[in-house]
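Presented sequentially are two complexes of subunit A, the first with subunit B as partner and the second with subunit C.
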Partner chain A sequence: MNRGVGGGLFAFSYTLLFFLFLFGPLIIMVITAFNSSAFPRVVPWECFTTDWFGLLIRNERLMTGLWTSLAIGIAVVAIAVPFGLAGALALADIGPRLRAGLYAVLITPILIPGVVLGISTIVFWSFVGRKLGAGYDTVFYNGLFLTLLGQVAFIASYAMLILSARLQRFDPTLTEAALDLGATPGQAFRKILLPFLKPALGSAAFITFLASFENYNTTVFTILSGNTFTTALASKVRHGTDPSLSALAVIIIAVTLIGAMVQEAHHRRRDLLRGGRPERSRLYANPLTRLLTHPAAILLILVGCTGAIIWQASHHDAQACRADILSEKQRVQERLLQEQQQRMQQRQTQTPAAPTAPSNNPSPFGGAFNPGSLAPK
Partner chain B sequence: MTKDVVLDHVSIRFGGYTAVENAHLTIRGGEFFSFLGPSGCGKTTLLRCISGFVQPSAGRVLIGGEDMRNVGPNKRPTALIFQNLALFPLLTVAENIAFPLEVRRVGRKQRRKRADELLEMIALPGTGDKKVHELSGGQKQRVAIARALAAEPDILLLDEPLSALDLKLRQHMRTELRAIQQRVGLTFIYITHDQGEALTMSDQVAVMNAGVIEQIDNPETIYNRPRTPFVASFVGESNAIHGVVLSQTGRLATLDTPLGPLTGQAAGGRTYLPKERCTLFVRPEQLFIADTPPEVNTIKAKRVNEEFEGSIRTLYLQAGGEALRLYHMNAAVSAALASGDGAVTVSFKPEQATILPDDPALSG
Partner chain C sequence: MTSLARFSRDFSSRHGTGAASFVVAAVLFWIVFLILLPQLAMLDVSFRHNLPRPEVGGPRDVHTLDNYRYFLFGNSGGAALNALDIGVLTKTLVAAVLVTVLDILLCYPIAFILAHSASGAGARLMVIGLIVPFWINDILRAFAFRILFGATGVINGVGLSLGLWDQPIDFIRADVALYAGLAYTYVLLMVFSIYNAVETLDRNQIEAARDMGASWWRVHWRIVLPVAKPGIASGATMVFMLTAGALAAPQILGGPSNLWFTQLIYQWFNDAGDWARGSAYATILLVVCLAFVFLMMRIFRVSIGAIGR
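Presenting the complex of A and B:
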């Protein structure tokens, strides 16, 4: 940003708005997770509470969904990454004329809407199941199996794209050199190509896991009567929301933040080491700071802090505050009731001929057409 | 243990394009054999064919008398040093060098020992734990050679390994390579487009042009007795003077040229017919300034320009509409050179000039 050009105020407020837009919802969400109000909201602030976390963990449907999602995610990674690798290798090796065609074929699953993939997965495998005369208790009607296939169908393409990008920077003469020095093709692959692809394999595993974990469109069909975390969450939201969802958001944000910080520490450390002059850095001169900036140490510290906070929070009791709020509410309600009764008594004395009172009016229009309600009070 | 490499009428085609045409030669075990030719003439292709990455479209490759047709690159007794070296960037220097041992399941300790020995040999002791990118160009070069030697090949193939180096280092590496070759007694097949490299290091040189091997000889013969116009002009500097044959007596033929009648040696013992169109090639250092009128090959020339290059002086001459170049040793005193009017008489010995036919069908 060039301060000399002016527009400093504009740039500042733009940046502020931008960050507000990005982080505003998250901040609100986090605050609502600790408000005891049964509807997720910031104002009126009632009590600081951690009960919503407990409620979340006790939700059986969500928790079994979570384990299902984790299991499916791991299985998807285990299948989609090798598939993606195979696709990427085929793309790199094939002649230029066939490459465009193969690329189109491999990329289509990403372009097809997830709903279509979900439905066609069920239709196809039940068709196969019927042809094989398999019963409803076989894999062809198993939600986990179908979800796995449905997700792998398009998530493998993500892995392929990531690995392809890295593979394009690989110098194929390295493989030739390995062969020439006596390595078998398998050895050349394991010792030369795979280590080169390692960072991309890491990101591919991460992305495929996330894609599987957060997928809804396809999974909602293929999981059949079962539930993953996402589908359980969606059905919960449909039945009305409460702050335990905010609590979930807090957990996800915390996990993400810890992951990001450890990752950043890892990157900085690697760049420092690769720069070839780690001793130049002040962090490295001191053994204590060097130890403290190690990614593993940072992970330990962050997990420790989080654990302490959780332990502390689990001993927090909002009961007293809640009782206060409850009695306060009751007082307010009683006052309202009294006021209403007073008003009714006044009205009865003024217009004894009026039919029924506006309260308890059975009319769907809330008594708006009642001539009595038009009378000045 | 030395093995001959035989190319038996090898042709290599990519689609309709012929990269190597009918290469037929024998490389003896223990020899330093160079392929010399301009960029794109098929040198790399030929080398890749010997190491097994390219299959010949016609003909056979034999190593130690064995047909290599169905033998993969990892099963051949060759090691190739690639044009771009192809060192493994993620491995350390020692791991690079020990790679051929690792794939043969040699133990870690033994690998390290061998790597250290080879590092000692290439004069890079103590660099084993460095990463490849921390080395200089010349050091990488030597590591690539050490890695190839660790594979214990019978034949080492080198694809322009010195082309990326600066002049000083190149000259140093030349002597070093030659020393390594003599010490380990391997067959070296060396590719270069630098004739200086080919001539200084080789036992035999094959000169290639557009996929065709034009001449295979020892460096001195290649230089002094080129058999084709291409070899004569590609290897070393040459003055080419066109003319038609006047007569031939024995091995000496006389041409009628714009510079007057000139006599030279008929290449390869040919016999020319009168009126045949030929070219006489004479090297700048074989031309000399004649202070007394010579018996044959008198060329009256005019000095156009000159360059001083330390030990020699290059004279640019003009004679009969042709530009000539002459290298004059500075130590040699010449009265003609001192005179100021620029007219000089130059000459050359008939045995030192080569006469080749213009019609390419007759060369070779």
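Presenting the complex of A and C:
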């Protein structure tokens, strides 16, 4: 394929290694979500359990943060996408001399560190609030409002980049034709330009929502004393970890994979239809398989499978296995303790050693391990 | 101002008055209230004392260079440099450069393969494989690296059981986990930046060079790299700025004694409650990073217009 330009075997093995690097950490995290060990790890494997999912859902701080994040995300989409659209339109129509300058200004929020954006936002709005004589209960000291402004400042730039890319492929003669045929400029804007931008508006809304939901650097400052999902998550990770975070990753990965598969099905179907010969494909000859290749059908099947797995898993009980592990641990601990006592006794042979007390032994196997039977000979 | 008026007149004749006033109002609000004034306010606060609220605006509320002096000299009053904070800034910048270079080396081959070797289903699978890991939250990604690199983590487990080393290695303290995690986080940005540039390369140029007997590294050096350069510059700029400004990954993966500069800012701002000094440190970070990026752009002869394309 690529005669000697890094093609063939090298390309294949490099790609393989690269994707191993990308997916390795995720796979390991997913495995830890099902290990009953209280510290997230793969080895030693203790028990298969689904309890961490329950623990995750019962975490109130995360769940309230989730609702806050959703609200902020929707508001950010509602503001950042129109701003991005305005920026893209201005860039497309402004004179070439000003364009470079405007582009540089509108792209800088992406380059400015999120920490700096967060700080500057709260400093500025508290300054405004102070000048207006507003109290601490006003909008200028409201974490949600400040987060919204801080996030829009740079997320609108993402929207602008996406919309600009689409706008560059717009044929301005379409608008001119509409104007020539008697449309008002407003009509041409609404009926020609906006419909052309619709797919890009969709993906811009999607990306802006995601960026808002995931943002940490700016939000951790602007949210003040509140919490979004991501900041709650971060403080949880910083102050001790448990596998319920792995459980969260499992949920996100599952949703993503389902989304990716449905998207792929949608692409294939569109390519097939666009190819103009859907009848020739064997899948389309049969009405049942044709129905099954529809993205909605695939989504239904995947969601159904996931639901079944969740239902099955929620009835899994790891109690017995946990109890076994616990007693195993106690046994080991017991043995170590007794070995230690044994050594102590040997060391001070002159003094009568305190006898070990097997009577108040908490282990169910306590009697089986007499100090004498385990003592080093 | 006249050019602005001309712009809005032209624009409204093409797209209507409603659209024109919306565009002008939105862009102005965005630039003035969300970008420009907040940065100026931060700059202003960074030159002030940290005063209790009743004294703000009073006679003691004057401009000062104290916060910047503190960054340079600490409490020594000019006698000795503040080695700690300057060291943290230097380390952050060096580490960010390291992570950026690592990402370029990692991503260039993948971008090239994606653009010129993979085709059809394979390419689509690669794109999905690239995007899926980046749906997962930053925090969770850092968490995954903590599981991977921890004292009882998978890498230590494998290394110990294979007998490669006999004591658990503290990857967290050595910052290996942090660099790996940061490089991982920005792989996607770098791959797509380089991909966008490399994709425009005409395959025939490679074929021609090969036919004339150029070796594979010569083909890359003389033909592919010049085309990829704007993409590499764009990706490197973003990765560098994001890495230098990263906060979550250093907080989670950083060693207990190694601070990232953003963590210093965070400490001044949130833990010490000193907005003025926090603002000063934030300004220092912003200025130093931007200066570094512009210097690099000048050296490699790339314009800012290449970024984000």
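What to note about this one:
What we mean here is this: the second predicted complex is superposed on the first by the 333 of 377 C-alpha atoms of A that agree within 3 Å, B and C clash if a C-alpha of one lies under 4 Å from a C-alpha of the other, contacts with A are read in each partner's own complex, and residues count from 1 in each chain.
As a convention for this text, a residue touches a chain if its C-beta (ideal position, glycine included) is under 8 Å from a C-beta of that chain, and two chains touch if they have at least 3 such contacts.
Computed from a predicted structure; not experimentally measured.
With subunit A as the common reference, the superposed partners subunit B and subunit C fit together side by side. Look at A:G114: by the touch rule set out above, it reaches subunit C but stays clear of subunit B.
By the touch criterion defined above, A:T241 reaches subunit C but does not reach subunit B. Of the two partner chains, subunit B and subunit C are each touched by A:T184. By the document's definition of touching, of the two partners only subunit B reaches A:T173; subunit C does not. Legend: residue contacts after superposition of the two complexes on their common chain; A:T32 is shown touching subunit C, with no touch to subunit B.
Within the superposed three-chain model, A:L98 lies in touch with subunit C and out of touch with subunit B [touch as defined at top].
Of the two partner chains, neither subunit B nor subunit C is touched by A:A254.
Touched residues of subunit A were counted for both subunit B and subunit C, and C has more of them.
Measuring only between alpha carbons, the smallest separation of subunit B from subunit C in this overlay is 8 Å.
The intersection of subunit A residues touching subunit B with those touching subunit C, taken from the two complexes, comprises 179, 184-185, 187. Those residues of subunit C that touch subunit A in the complex are listed here as 3, 7, 10-19, 22-27, 29-31, 33-35, 37-42, 45, 56-57, 106, 109-110, 112-113, 116-118, 124, 126, 128-133, 135-148, 150, 152-154, 157, 184, 187, 206, 210, 215-216, 219-220, 224, 237-238, 241-242, 244-248, 251-252, 262, 265-266, 269-270, 275, 278-279, 282-283, 285-286, 289-290, 293, 304-305, 307-308. Note for the complex: subunit A touches subunit C at residues 1-7, 11, 14-15, 18-19, 21-26, 28-29, 32, 39-43, 82-83, 85-87, 89-90, 93-95, 98, 100, 103-117, 119-121, 123-125, 127, 130, 149, 152-153, 156-157, 161, 175, 179, 184-189, 193, 210, 214, 216-217, 220-221, 230, 233-234, 237-238, 241, 245-246, 248-249, 252-253, 256-257, 260, 264, 267. Residue ranges of subunit B in contact with subunit A, taken from their complex: 51-53, 72-74, 78-80, 82, 84, 86-88, 90, 99-100, 102-104, 134, 147-148, 150-151.
On subunit A, the positions that touch subunit B within their shared complex are 171, 173-174, 176-185, 187, 191-192, 195-196, 276.
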